[in-house]
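You will see chain A twice below: alongside chain B first, and alongside chain C after that.
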Partner chain A sequence: MYKALFYKEWTKTKRITSLLAFVFLASLIYTFINTGQLFRVSGAVEVWSAVLLKDMPLLPNWIDKLPLLAGLLLGFSQFVPEMTDKRLKLTLHLPLPETRIVATMLVYGLLVLFSLLFFSSLILVVYLSSYYPQEIIAMMLWSAAPWFLAGLTGYLFAAWICIEPVWKQRVFNALIGVTAMLLFFFSARSGAYVFFLPWLVLLVFISFGFPFYSASRFKDGAQ
Partner chain B sequence: MDTIIECDNITHYYGKRLIYQNLNFEVKKGKILGLLGKNGTGKTTIINILNGYLKPRSGVCRLFGEDMEHISPATKARVGLLLEGHIQHTYFNVEQIEHFYSQFFPNWKRDAYYELLKKLQVTRTQKLSTMSCGQRSQVALGLLFAQDPELLILDDFSMGLDPGYRRLFVEFLKEYATAEGKTVFLTSHIIQDMEMLIDDCIILDYGRILLHLPTKEIMENFRRFRFSAEANEISSQSDLWNTQKIGSEWETYSFLPTAEVEQRLAAFGANKLTEERISLEDAFIGLTGKY
Partner chain C sequence: MKYKNIISLFILLLITVVGLWGIPVLVKKATYSPDDYPFVYFSSGLKKIALIDYKNKEFPMSDIDGNKYNTAAFDTLMPFLNFRQLMSDGRLPEKIEGIEITPQLLRSKSVVYKYMPKYVDVPVTGLYILFESMPKRVGLKMPDDVFRMKDKIEFIDAKTNQVNQEKSDRFAKELQKRGYTFPTQWAIGNPNPRKPYDEGYFCLDAKGELFHIKMVNGRPFIRNTEASKTVDIASFAIQEVSDKRYYGYLFSKQGETYILESTDGKYTPVKLDIPAFDLKKDQLMIMGNLLYWTVQIAKEEGRDYYILNSDDLKSIDHHHIDRTGSKWDTVSKWLFPYFLTFDSPDSEFLYPRIHFTGFYGFAAHALLAAIGVALFNRRRLFSAVFILIFGVAGLIGLLLQPNYRKQ
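Moving on, here comes the complex of A and B:
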């Protein structure tokens, strides 16, 4: 039964997932070309010293928002069709406990998103290992961790906003979502977030509960 | 006889607008019950309450004896639900949606689904989103037949269907329900197809049940009477429904025999009283009025 629910979620999201995989791949290729060019033009010593002494980022500036964009797109593509014509009623009518149905849908989205982020990071780490030492790459991953968490939280907020049946409350949820997202994008030196990361992880776990609250309001017929 | 659906003292408001006050009814096993009412009388509301998608102000509904707010997965599997407008997951195609639902029901009857779809000019890979409302209605009905539930709840199944599809839907449903001894609870605001379908009839008025009777009893006993009268106004009489003047003639509706109606109207100088057998749709109009 859970496999069938995954099948339904995949049917809804396969296009957006393919598009996101393409965008992630294109971003990786861009990063590879950019890094290769940088090392050819400036040389390894100059690049390393810029990274270590001037905190030069290893990745393009715009890449920090990519996981969030992926989370939002995935969330909306999964839950907007569910709320169109209140189809969620059909889903909740399936012979499974309602909380498990909602949880399965959310776990599907989180798994897809996590897979995209994990494999992109893996490819990136393998490639950059031929240019940078392990310590610099580890520092890059620590810097990227809040962006990844922003993607997961953004996904959960998108789900919460969609499932909420009352428009006024939806706007309120969106405002909370925007405020929460700001926490992931403070401008700071790389590695500055390390001590704040546990709180961001906690925020991801808390956000997982929000869609259940709105699903319960949907069940009660809140209007 | 087992009670499949029970509604006890349901009261519900949307804001300050009363939808029902102390609504009570039950549906016995094997019956096809039609809930008929004008737009806005709360037909869909009661379907939502029954399935636990709306919390009423007070009262309780039970499906197979289970409280509407805590319907177990096993009971959900015994209930086939058709939402108003034949809503389905339209991102699936014909084959995918069958595959999806088949995973949830152990007694899934795949052949019943494809048998029904043979009548449609659709391919197995056609997406539901590209289908007409009529075609989608048949897909939804096919899925219900394949699920083979003990209770079918159909919300305004006739909505958006042309007469051909409506008739097709009704004929298949009647055959299925009577052959398999299923219980069906349906709502509709198109009454003309119901005559051949429903055993029992609940007619809803704003805020209350106007009538709950076997359809046969309504068809056999409820009559329209036309007459002329000297009086310009006829006061409201018990057991005479919607008495009104249309042009130079009067009409009224009643379950009473002709002689008794004649007697009731004698005080108003009624004459030339004629009795007419009427369809269920006319009976509905007679009971609820035209406006």
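Moving on, here comes the complex of A and C:
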């Protein structure tokens, strides 16, 4: 049954997953070209000095919102079809407890998202390690960690908002979600989030429960 | 669903936490204005502390007895502060307090330094830039490598991103010879190539000994300052001052301030005759000249100004100005008995911090709780207590959650 559910989720999300994989790959290629050009034009000494003295980011500015965008797109692609004509009703009638059904759907989405983020980071780290020492790479990862967590939380919030059966409450949930997402995007120096990360990880774990609440309201026929 | 109520409570708590941060942020934006203090400096002409208000074009200066002085008098009575203006007017005296002065001397004795807790509470990469302290050509040149210092010293060449083993070994041997113990607690330098000269880094080793590390003609220059014999060192701020009198400012764990004087190749901590301050909360500013240093300590409740003799750094005068507070102080006191922030002016790190403003705000919470009860037709007691504890944020949380609000 789990395999079938995973297959069902894959059928819904294969296009958006492929698109996201392409966007991540394109972003990586852009970063590689950008880094290569930076070192060619300015020289390694200048680039390292700028990173160490001026906290120059290693990645393009727009890349911080990419995991969040991926999380939202994946969440919407997975759960908007479920809400069209209330198809979720059928899904919840599958021969599995409803919590397991919702959990399987969420785990599928989180695995896809985590895989995208993990492999992108891995490729990025391997590539950038030829340009920068490990301390600078570590600092980049500390800076990127809240963006990755924003992606996972954004996905769970998207599921929470989509599954919610009442439009007014959906708007409220969206407002709460948008405000909570600000916590992941404070403008700060590299490494500033290091003590905040455990709290953001806790938020990801807590948010995992939110779609279950909406599913329960859906099942109860909330109007 | 089994855990519906628990999940609902978690959603409520998330809204409340976000509200405890977000609502005060908005209110602060609407009410906050910065503290308004005059500029305080010691007038060598009056031998008194003077207050300067640059917005007042006619009488910018007043002394602490309330006498006001016009711009011309201000220039004359504060020659160290206004020597460029006096030079331009041809009014620069040849002597001040019996000491012959030149613009070069005044410039070389001029000191400006500011300590803020966030300069110390900051994420560090663990990589540092070491200049050649005796460059063959004029001016400092950005080196081709950086070094790491945490568990061992290693120079990494920027062009190859590889460790320069020969240079690393050279420094490692010298460090070992001088008795340096890893891991390094911190390393402080000033990697700005525009400074007049370079004094390298001051590093606190694992045993709490302060070492001076620099590179002279490509060779390691490493000395134990032995400052830890007299000072329980908390932090250090390097400053390559023009007259090379000292290396920088040393702060003890008790909050005392020292300069680390350079005397015949030795390092001597000289204590500033000012009270200890809280290194995690207070700010310190030093504005010094040939004869006097004006040291300002900014605390939450106001600012203290200490005038020190520049020779022995003994205090000769003191002045205090109370903080007047802004609208934000009043509003926050009545609206929020406590609130949440994630950033702080005292740190570059982000994490949740709770700020208590007092108990007045609970009156507003109680009023809200009374109103709130009327809005909810179930779990009234829970709602009332929740609003009493969390105030507006709690009320908004309850209103946004279908499990609690009136259906």
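By our rule, the second predicted complex is superposed on the first by the 223 of 223 C-alpha atoms of A that agree within 3 Å, B and C clash if a C-alpha of one lies under 4 Å from a C-alpha of the other, contacts with A are read in each partner's own complex, and residues count from 1 in each chain.
In this text, a contact is a pair of C-beta atoms (placed from the backbone, for glycine too) under 8 Å apart; a residue touches a chain by one contact, two chains touch by 3 or more.
Here the structure is a predicted model, which means the values were calculated and not measured.
Residue contacts after overlaying the shared chain place A:80 against neither chain B nor chain C. When both complexes are overlaid on chain A, the residue A:1 reaches chain B alone and has no touch with chain C.
With both structures placed on the common chain, the touch criterion links A:94 to chain B but leaves chain C unconnected. Taking chain B and chain C in turn and counting the residues of chain A each one touches, the greater count comes from C. Shared-chain residue A:215: touches chain C; no touch with chain B. Look at A:48: by the touch rule set out above, it reaches chain C but stays clear of chain B. Of the two partner chains placed around the shared chain by superposition, chain B is the only one that A:11 touches, whereas chain C remains out of contact. Once chain A of one complex is fitted onto chain A of the other, the partner contacts of A:141 are absent, as it touches neither chain B nor chain C. Comparing the two interfaces of chain A, the one with chain B and the one with chain C have residues 219 in common.
The part of chain C that touches chain A in the complex is made up of residues 1-4, 6-8, 10-11, 14-15, 18, 22, 122-129, 142-144, 146, 148, 156, 158-159, 161, 191-192, 342-343, 348-352, 400, 402.
Within the complex formed with chain B, the residues of chain A that make contact are 1, 3-4, 7-8, 11-12, 81, 85-87, 89-90, 92-97, 218-221, 223. Chain B meets chain A in the complex at residues 14, 48, 51-55, 73-74, 76-77, 79, 81, 83, 85, 87-92, 96, 99-100, 103-105.
Interface residues of chain A facing chain C in the complex, by the touch rule stated above, are 44-49, 52-53, 98-99, 129-133, 135-136, 139, 142, 166, 169, 172, 175-176, 179-180, 182-183, 186, 188-196, 199, 203, 206-207, 209-210, 212-213, 215-217, 219, 222.
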